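Naming follows writing order (A, B, C and D), and every chain is counted from residue 1.
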Amino acid sequence: MENLDNLYREIILDHYRSPRNRGELPSPPAIRTEGFNPLCGDEIVVYLDVEEGVLANIKLTGHGCSISQASSSLMSSAVKGKTIEQVRDVITTFKQLMTVHESTLQPSGEPVKVDLRAIGELAALAGVVKFPVRIKCAMLAWNTLSQGLDELGSA
Amino acid sequence: MENLDNLYREIILDHYRSPRNRGELPSPPAIRTEGFNPLCGDEIVVYLDVEEGVLANIKLTGHGCSISQASSSLMSSAVKGKTIEQVRDVITTFKQLMTVHESTLQPSGEPVKVDLRAIGELAALAGVVKFPVRIKCAMLAWNTLSQGLDELGSA
Amino acid sequence: MSSFDARRVRADTPALARIINGQRITYLDSGATSLPPRAVIEAMSRYYELRHANVHRSVFQTASEATATYEGARESVAHFINAPGGAGEVVFTKNTTESFNLLAKSWGEANLSEGDVVLLSEMEHHANIVPWFMLRERTGIEVRFIPVTDDFRLDLSSVDELMEDVKLVSVTAMSNVLGTINPVKELAATAHAHGALIAVDGAQSVAHDVTDVADLDIDFFAFSAHKMLGPTGIGVFWTRAEILDAMPPFLGGGGMIADVRLDGYSCAGGPTRFEAGTPPIAEAAGLGAAVRYLEGLGMANVAEHERALTGDALTRLGLEFEDRVRVIGPADTTHRGGVISLDVEGVHPHDVAQVLDQFGVCVRPGHHCAKPLMRRFSLPATVRASYGPYSLVRDTDVLIEGLRHAIEMFA
Amino acid sequence: MSSFDARRVRADTPALARIINGQRITYLDSGATSLPPRAVIEAMSRYYELRHANVHRSVFQTASEATATYEGARESVAHFINAPGGAGEVVFTKNTTESFNLLAKSWGEANLSEGDVVLLSEMEHHANIVPWFMLRERTGIEVRFIPVTDDFRLDLSSVDELMEDVKLVSVTAMSNVLGTINPVKELAATAHAHGALIAVDGAQSVAHDVTDVADLDIDFFAFSAHKMLGPTGIGVFWTRAEILDAMPPFLGGGGMIADVRLDGYSCAGGPTRFEAGTPPIAEAAGLGAAVRYLEGLGMANVAEHERALTGDALTRLGLEFEDRVRVIGPADTTHRGGVISLDVEGVHPHDVAQVLDQFGVCVRPGHHCAKPLMRRFSLPATVRASYGPYSLVRDTDVLIEGLRHAIEMFA
């Protein structure tokens, strides 16, 4: 069960049971972006309020497994109040965290070291990479956030 | 090579080299029927002159392997001058000859004994049944003849 | 149960010796794919080791043997489902899904037009939905659904209304989510009474009970070898000879033609018209062996065995978890097979399956390719456990232990 | 030839130990299907014995492994043909024939309309003819043929005329009857210069020489595992990602959808959009092993080995039989592979093959699914001998001995 405890760390279960930043924002002005994982049915909606280059507020709705829900809750805490540039950095770091071990499946990719201390609570999700099929659960919110920022850029 | 000699008996090679009743008949009045084996490309055309219930004349054209050619030549000799009823009997007997051993492949069919002495030269084709894929070569002319008689019946 | 012994089946099945996370595997995913016995695996290895050759069109020894193997499998399948017209009615496809596409594109496009209705049910697998939606786009047919009742059965209360303008009824013999076994024979009678034909999805039923297409009096039947202890890569499409003979070709290429000229082509007759290209020969050898193996077990015995397992599991799940675990499917074994979908309160199916994996338990979380049905019951997904002839009560024990652990973890 | 040793390949291939009519088998039918090495057979057995499960959509251990096996095969194939966009461009089908049907029905129906021309050649296999005839029936496109010269080459003398209104050129890399290797790279340049795309039938070429779809600069490529030491039941369709992404679905069902509702559906992206239903998972394991095996041999070594065999055979057939045996194909090994079609004077191909069978020689008599080509040369059939990486000069010895016997017998 050691592996399992590594996946379902207490922080993750806590964010799953009590998700942060849950809810909606009036859109517009908020940017509303939907994410969908057709394989497991997980759905997420991300609302972003951006003011003067800062992600002033973020809210999430949707449903899915503990990993996707906890990941979105952890994400919202990690990015709220940051500048868009900082948010993009966090996204990049998180994507690296999620690909470190995937590289054992796809031998082409170079493993990248991520400094776990630098990412705070997000580090709790590091155990997910040992469960390759769950990586996409963890990534759903982040991909949706990326997409929202892209829409913002092109708006 | 024993098996092979059993397949390519001297009579068969003789009928292959010097096919009997080769040629065409004016049609009408003759019945003209085409036979075709899509798998190996063998083709045959059978011309039948029927007068007062008797197969007065039969001619064949086409091309194919030694077995299909010899079988058609042997067939023409066996049925020429016979009444339609007698021709149908010969066809039935020949079909039985060709299914005796096929039954070892398809365990559902009951083997039927054919009296080899009663069928004359046709008995030379008995070796074909040991080569299941060649049975359809031997049968081509006969199936075409059957079809011709059916057309006659329905005309 | 006569000579049937699930432990013997288990001993015949190499994949059941696998150790997962330190524990013997508990395979409860036979509804997705089944684990083949050694006899099936060896039939294919032996084929490749001794007599591999392309079928038809050749005279050499191994080619004849390969052809006999391939055509022999057709005979075996015809016997297994009691095809009234024998082997000549059995078409080999790649899976159930292709069989339905063949039905929709060949028979459907030739026989259905705008205004005609194809009647499906809300519990169909996508394999028996999407091909009809695609046909609808091309021809303007209507696709209608038999509703599913709250107790997980087909709602046939207004069947006469449903049957209006229906040219084809196409339903599953057994739901791959609910376990519900549908009244196929009655539906066939209804369809025929309304001048419609009936197609049946046998993917879930064929490995778990006796199939008799003649007795059911149905018109089309589709299933996959991999769900009946056979290999991947081969499926079956069956229809009555007179229907098959009138169906236009589906895929074009070698083997399915009578002639090809620069200006056109003509088609071969029989099942080969629908088998373009080199067919799944080794897979047919495997399917033939699977059919023989299942006939050796006796399908009635298999059905009885799985019914007992299912009944036991339903009872114990109820006693153990009460309302914390809801069974999405009929509550007892009446007209119900060994597929048990679960909704665990407060634990997402993905997480349930993840925890169960730590116990070596293989179950499937998800929508099971039946999204309309999931919407009907407002569920994004379920966790599905499904039995096979090698399943034992011990498998249910481990399942229950794992579920207990999952519930505790997320409490 | 570095480390390549055909005798080692032979020792790896169990089916070559077979005794036929008292003699060791002489397998000269690799053009029809090839004999897999032990590594391929065992990859499939091991898959079924250890990790069989349905792919995608599950979290348990063996399902992840099955998925990794299946997707890993996609990676291997992408590497083997040097797909510029990697595994995401590789679609698994059931065989080359299905790949061409996919091309014609999905890409063709979406991109071609009345008046558009698809340019084939007279030496195409039915797999690359019949799907276009079927498309012609539905859309009114024109199907045009590049003629074949008397010395068995594509007649490109009036290529500009031929290219008029052409939207797609679809040709074989190597003829399965003549052995002719076509100038695919030049044809690709011509096609693109005329604003057309080019599809290539790699069924015969892929197991016998290096394939580099990026260097050839082609747009579509199709082949079958069973002709490259792999299993039956799986084929490949490759196209560039930007083309694939724009292609509408082909077969409908599970796996290829993003969502299904009672009123419609939406499709998944990538190769899975074209892989409806349970895919050939064990077959992908076998194909992956075949690719690794061939890469171990080195495709350039295989090509050199077979070229040597072919050159030797052409010379000796000429010396031995002079005009009694005519080679239907190029007379030397320039742009020519190891497929040798023979016309034996006075002996029907069926009879030649029958006599050869008594010597344990496996050759194929018939039209080889290339009837337009047979008509072009006024032949009902040929006897075809074809080499593989396990072939030896000894095989040619037995072939010649058998031919001598056949000629005597029918003299």
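To be clear about the criterion, contacts are C-beta pairs under 8 Å (C-beta built on N, C-alpha and C of every residue); 3 or more make two chains touch, one makes a residue touch a chain.
Fair warning: this is a prediction, and the values are worked out from it, not measured in the lab.
Chemist: Return the chains shared as contacts by subunit A and subunit C, ordered by label.
Modeler: Joint contacts, listed by label: D.
Chemist: Which chains end up grouped together through touches if subunit C is skipped?
Modeler: one piece
Chemist: Centroid of subunit A to centroid of subunit B, CA atoms only: how many Å?
Modeler: 77
Chemist: In angstrom, rounded to a whole number, how far apart do the mean CA points of subunit B and subunit D lie?
Modeler: 38
Chemist: Mind checking the centre-to-centre distance between subunit C and subunit D? Centres are C-alpha means, answer in whole Å.
Modeler: A distance of 31 Å separates the two centres.
Chemist: List the centre-to-centre spacing of subunit B and subunit C in whole Å, with centres computed as mean CA coordinates.
Modeler: 45
Chemist: If I count partner chains per residue in subunit D, which residues reach a count of at least 2?
Modeler: 21, 57-59, 63, 257, 259, 350, 354, 365-366
Chemist: Can you list the subunit B residues in contact with two or more other chains?
Modeler: 39-40, 131, 134
Chemist: Pairs of chains that touch, anyone?
Modeler: A-C, A-D, B-C, B-D, C-D
Chemist: Give the list of subunit D residues in touch with subunit C in this complex.
Modeler: Against subunit C, the touching part of subunit D is residues 14-15, 18, 20-21, 25, 29, 32-33, 35-36, 40-41, 44-45, 48-54, 57-63, 94-98, 100-101, 104, 122, 125-127, 129-131, 133-134, 145, 224, 226, 231-235, 249, 251-257, 259-262, 264-265, 276-283, 350, 353-354, 356-357, 360-366, 369, 371-372, 375.
Chemist: Can you list the subunit B residues touching subunit C in their complex?
Modeler: Listed in rising order, the residues of subunit B that touch subunit C are 36, 38-40, 105-106, 108, 131-134.
Chemist: Subunit B touches which residues of subunit C in the complex?
Modeler: 56-59, 63-64, 67-68, 75, 257-259, 268
Chemist: State the interface residues of subunit A toward subunit C in the complex, per the touch definition above.
Modeler: Residues 1, 3-4, 7-8, 13, 16, 39-43, 63-67, 69, 131, 134, 137.
Chemist: Okay, in this complex, where on subunit C does subunit A touch?
Modeler: 21, 347-351, 354-355, 358, 365-367, 374, 380-381, 409-410
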